[in-house]
Amino acid sequence: MIARQDHPAGQMLADPNRPSFPLNAWYAAAWDVDVKHELFARTICNKKIVMYRRSDGVVAALEDACWHRLVPLSLGRLDGDEVVCGYHGLAYNSQGRCTHMPSQETINPSACVRSYPVVEKHRYIWLWMGDPALADPALVPDLHWNHDPEWAGDGKTIHVKCDYRLVLDNLMDLTHETFVHGSSIGDRSVAEAPFQTTFSDRTATVTRWMRDITPPPFWAGQLGKPGKVDRWQIINFEAPCTIAIDVGVAPTGTGAPEGDRSQGVNGFVLNTITPETDTTCHYFWAFCRNYRIGEQRITHQLREGVTGIFHEDEIVLEAQQRAIDANPGRVFYNINIDSGALWARRLIDRMIDAERPQQKQAAE
Amino acid sequence: MIARQDHPAGQMLADPNRPSFPLNAWYAAAWDVDVKHELFARTICNKKIVMYRRSDGVVAALEDACWHRLVPLSLGRLDGDEVVCGYHGLAYNSQGRCTHMPSQETINPSACVRSYPVVEKHRYIWLWMGDPALADPALVPDLHWNHDPEWAGDGKTIHVKCDYRLVLDNLMDLTHETFVHGSSIGDRSVAEAPFQTTFSDRTATVTRWMRDITPPPFWAGQLGKPGKVDRWQIINFEAPCTIAIDVGVAPTGTGAPEGDRSQGVNGFVLNTITPETDTTCHYFWAFCRNYRIGEQRITHQLREGVTGIFHEDEIVLEAQQRAIDANPGRVFYNINIDSGALWARRLIDRMIDAERPQQKQAAE
Amino acid sequence: MIARQDHPAGQMLADPNRPSFPLNAWYAAAWDVDVKHELFARTICNKKIVMYRRSDGVVAALEDACWHRLVPLSLGRLDGDEVVCGYHGLAYNSQGRCTHMPSQETINPSACVRSYPVVEKHRYIWLWMGDPALADPALVPDLHWNHDPEWAGDGKTIHVKCDYRLVLDNLMDLTHETFVHGSSIGDRSVAEAPFQTTFSDRTATVTRWMRDITPPPFWAGQLGKPGKVDRWQIINFEAPCTIAIDVGVAPTGTGAPEGDRSQGVNGFVLNTITPETDTTCHYFWAFCRNYRIGEQRITHQLREGVTGIFHEDEIVLEAQQRAIDANPGRVFYNINIDSGALWARRLIDRMIDAERPQQKQAAE
């Protein structure tokens, strides 16, 4: 962390001339279990992709359009580890090279479809949508709680009809819990608590401590002890689209704000939101916890509880996207609570501009 | 009435550069009973509006988009007489001024949403969509029959997927009854009867008398007397979009054409058609009568009868709109029966041009 | 046949500045039995048409939009052999001339709707969409098998959401049978057999003989004799959009390749594909045979069998159209099997260019 700024002011415009997402980034395309030895089609960053798991377990991701006549390869079938087009039988290997054409011996050497770098990590299949030479697996965002044996949890995928950045805005400011989720996890204390925003080159963090409060019903139940608590929400953004939220409570006076969380309970809300198109996204989330990790019943309850809460957000986010579409010239006004979202968007814009040489120059 | 012209000739083009409706006018947005102490969303003249009735009974109408992030306020809730946004809890009073922001003490002085002048009259909620300084309640169109104790009646709201002016065209020429409504109120005598068209600055009137005819079944039933009748249809247009049609029959020879309707029965078909968008509209109608006004059974029968008849128009009007959309360059040809519609459109165009100074000049 | 070229190379672009179909051609608009003494609406080559059979049996085809206010005439009714508009009662005769207007004695002499030349032939109603002076009935494509007493068969109409030329591409290369129809008529032998392509000014032909092969189950059943066969597929294209495919098998050694098909069985797959819009079409097909022509059971089985097979094509073709729409700049790459389709498209383009004088010049 190298700097701090609490309340950036002014209006936030999504510049219509700037792409809405960078390409040189790893994007979660699916949960690991979703991709089997069969063709699986999904649009990622405006590109139609067909994925499948090869016999050796490695996942392949190809452009979902036959070189010959554009028919989606996902309408075809797998023959071993090759994809056979369902129209004229052109076959492609997992690197996208055409290996068979009907009624001819020789194959046009240019015949291929684009293949995308793939990494499987933290229970997701990640695709690199930009320059393959830059596809460094070390850049996959940190969501290790998803497979850490000291944490237990599970999650789901939501398809949301909005710009992925609206989901980020939503997660970077949790005061909305009070209003959107008033009937479940919301609580006046969140909207009233002070917070700070910090950032680095690729990350932004919003930290909020609510000290010596009566815990909301959800956390009281998780803690299983009576009395007041210190509650924390630490929102960790990693550009362009991953947010791990460190949440929990500990009995007041047991030292959580100073770093000793041993008497409390701790969860992580893991979120990575992948653009499907400019105005739709795939939202992959999970909730992991470090207590009673052997109790599958709690994993189930938490997953289903979060499902219901996120559905409340989905309704608001899709209405917001429709309002943006209906008001093309309108700006967003910002208030104090937006500082985290503003930093997230700034870091995304820097990644995008870094891919556009002339823009980079202009910004310098 | 200051002039008369029976058959304006030529082609009627909806000028694609001219807006399709004036803004400086009262538009019916809802029936009085539709607006309660809860949030009610409707699009009027391309603007998304949220309406509600305050505790003191006065109706408020605000822009349905939060100043902060554009989320529709209608997704939020009322807190007393204030609207609270369902996303981050910004609150607005009934004038649209922001009165609360989350996590901060001071409120940005520019934080507000647009509010619209409202008048409740003749059983409708009327909104003024243009310059509030010009919103004179005396300009609300005359539909007093809707609440006059000497008249009884009721009506409904229809959402029609067509330019509101196509509904006006339809009502300004009742010869279509013969063809569209041949199985109900239509009758050759309407298409064959002569008519005259008169107009003033803001009104146009089409008058048709069918003398000494056998009444169609509907009117024979309403009159309840045997024998021939004099039948009238007097279509009163008030710009930009209200039409009160004076209809009835009286036994031939009892003096109705000369002004004595005492032996006849009289109804008013009240219509006010509010643009929702350029190609959809809210059509508010009622049928009021001055005979057997205590019989609720007749009110019910007439309302349901008219509902069925207007549904026949709806099918034609929506097909006409689709044909217009599919033939962007095509003109309408006019025949004698179109003189009333032509005057209505001319008066609307004058109102629109009066709001566009440069156009007004060009026309002079 | 005046020339031969086996494998035209390169990329096939549908030029976005060239119309997608010629107008000076006969297009099948309906099966003969579909058009009765009632109004029948269909869009042909982007034009909305209303058809009906007059009392004397002759079919009329008019523009489906009233001269007065554009309302579709197909929403009206027939009065004898005249069409009466369902809105204001304007009447038109079968040549499109207005014969009645409401509330006036004289009729505007320009009042008419466009009428289209019609020919009824080979069980279809054919419309000429271009210059009526060029509408020579001798130019109707040859589909005589449909009513030849030595052939029996039947067919259906499919509405496909794709450019009609994608259906032509599909039919001009039957190797797709192997991949799209692998579970029914497909067979490796088709994709592996050599073929030749020939053409003339208005026709292109792809001929494929598979000699001394084990017949696929369908043809073994039709032939009803054991043993190997010579199988043929001769695809006859007639510009712009008719394809008659001569198919069959005969026992090996009985002389079919040399011209004696007397020991075999022969069918014709008749196809004529009419543009509805630039990206949708009406596909009229039939299957006729010259054996066991009195057995209605076989006619029924073949018609239903082909229905299922063509549904497999429909899925691929509509996916292909969606992929084309989503990739506006993309070209089609061509391989050997595409030579027939390339010739079909070249002949269509020549017809289109012949209707555009400046383009014709440029091409010469």
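Order of writing sets the chain letters: A, B and C. Residues in each chain are counted from 1.
The rule is simple: a contact is a pair of C-beta atoms (placed from the backbone, for glycine too) under 8 Å apart; a residue touches a chain by one contact, two chains touch by 3 or more.
Values in this document were obtained by computation on a predicted structure and should not be read as measured data.
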Graph distance between chain A and chain C, where chains that touch are linked: 1
Copy pair chain A, chain B: interface residue numbering same or different (half cut): different
Length of the line joining the C-alpha centres of chain A and chain B, rounded to whole Å: 49
Residues of chain B whose C-beta touches two or more other chains: none
Chain A-facing residues of chain B, complex: 48, 65, 67-72, 75-76, 84-89, 101-104, 108, 110-111
Chain B-touching residues of chain A, taken from the complex the two chains share: 169, 173, 175-176, 178-180, 191-195, 315-316, 319-320, 323-324, 326-327, 330, 332-337
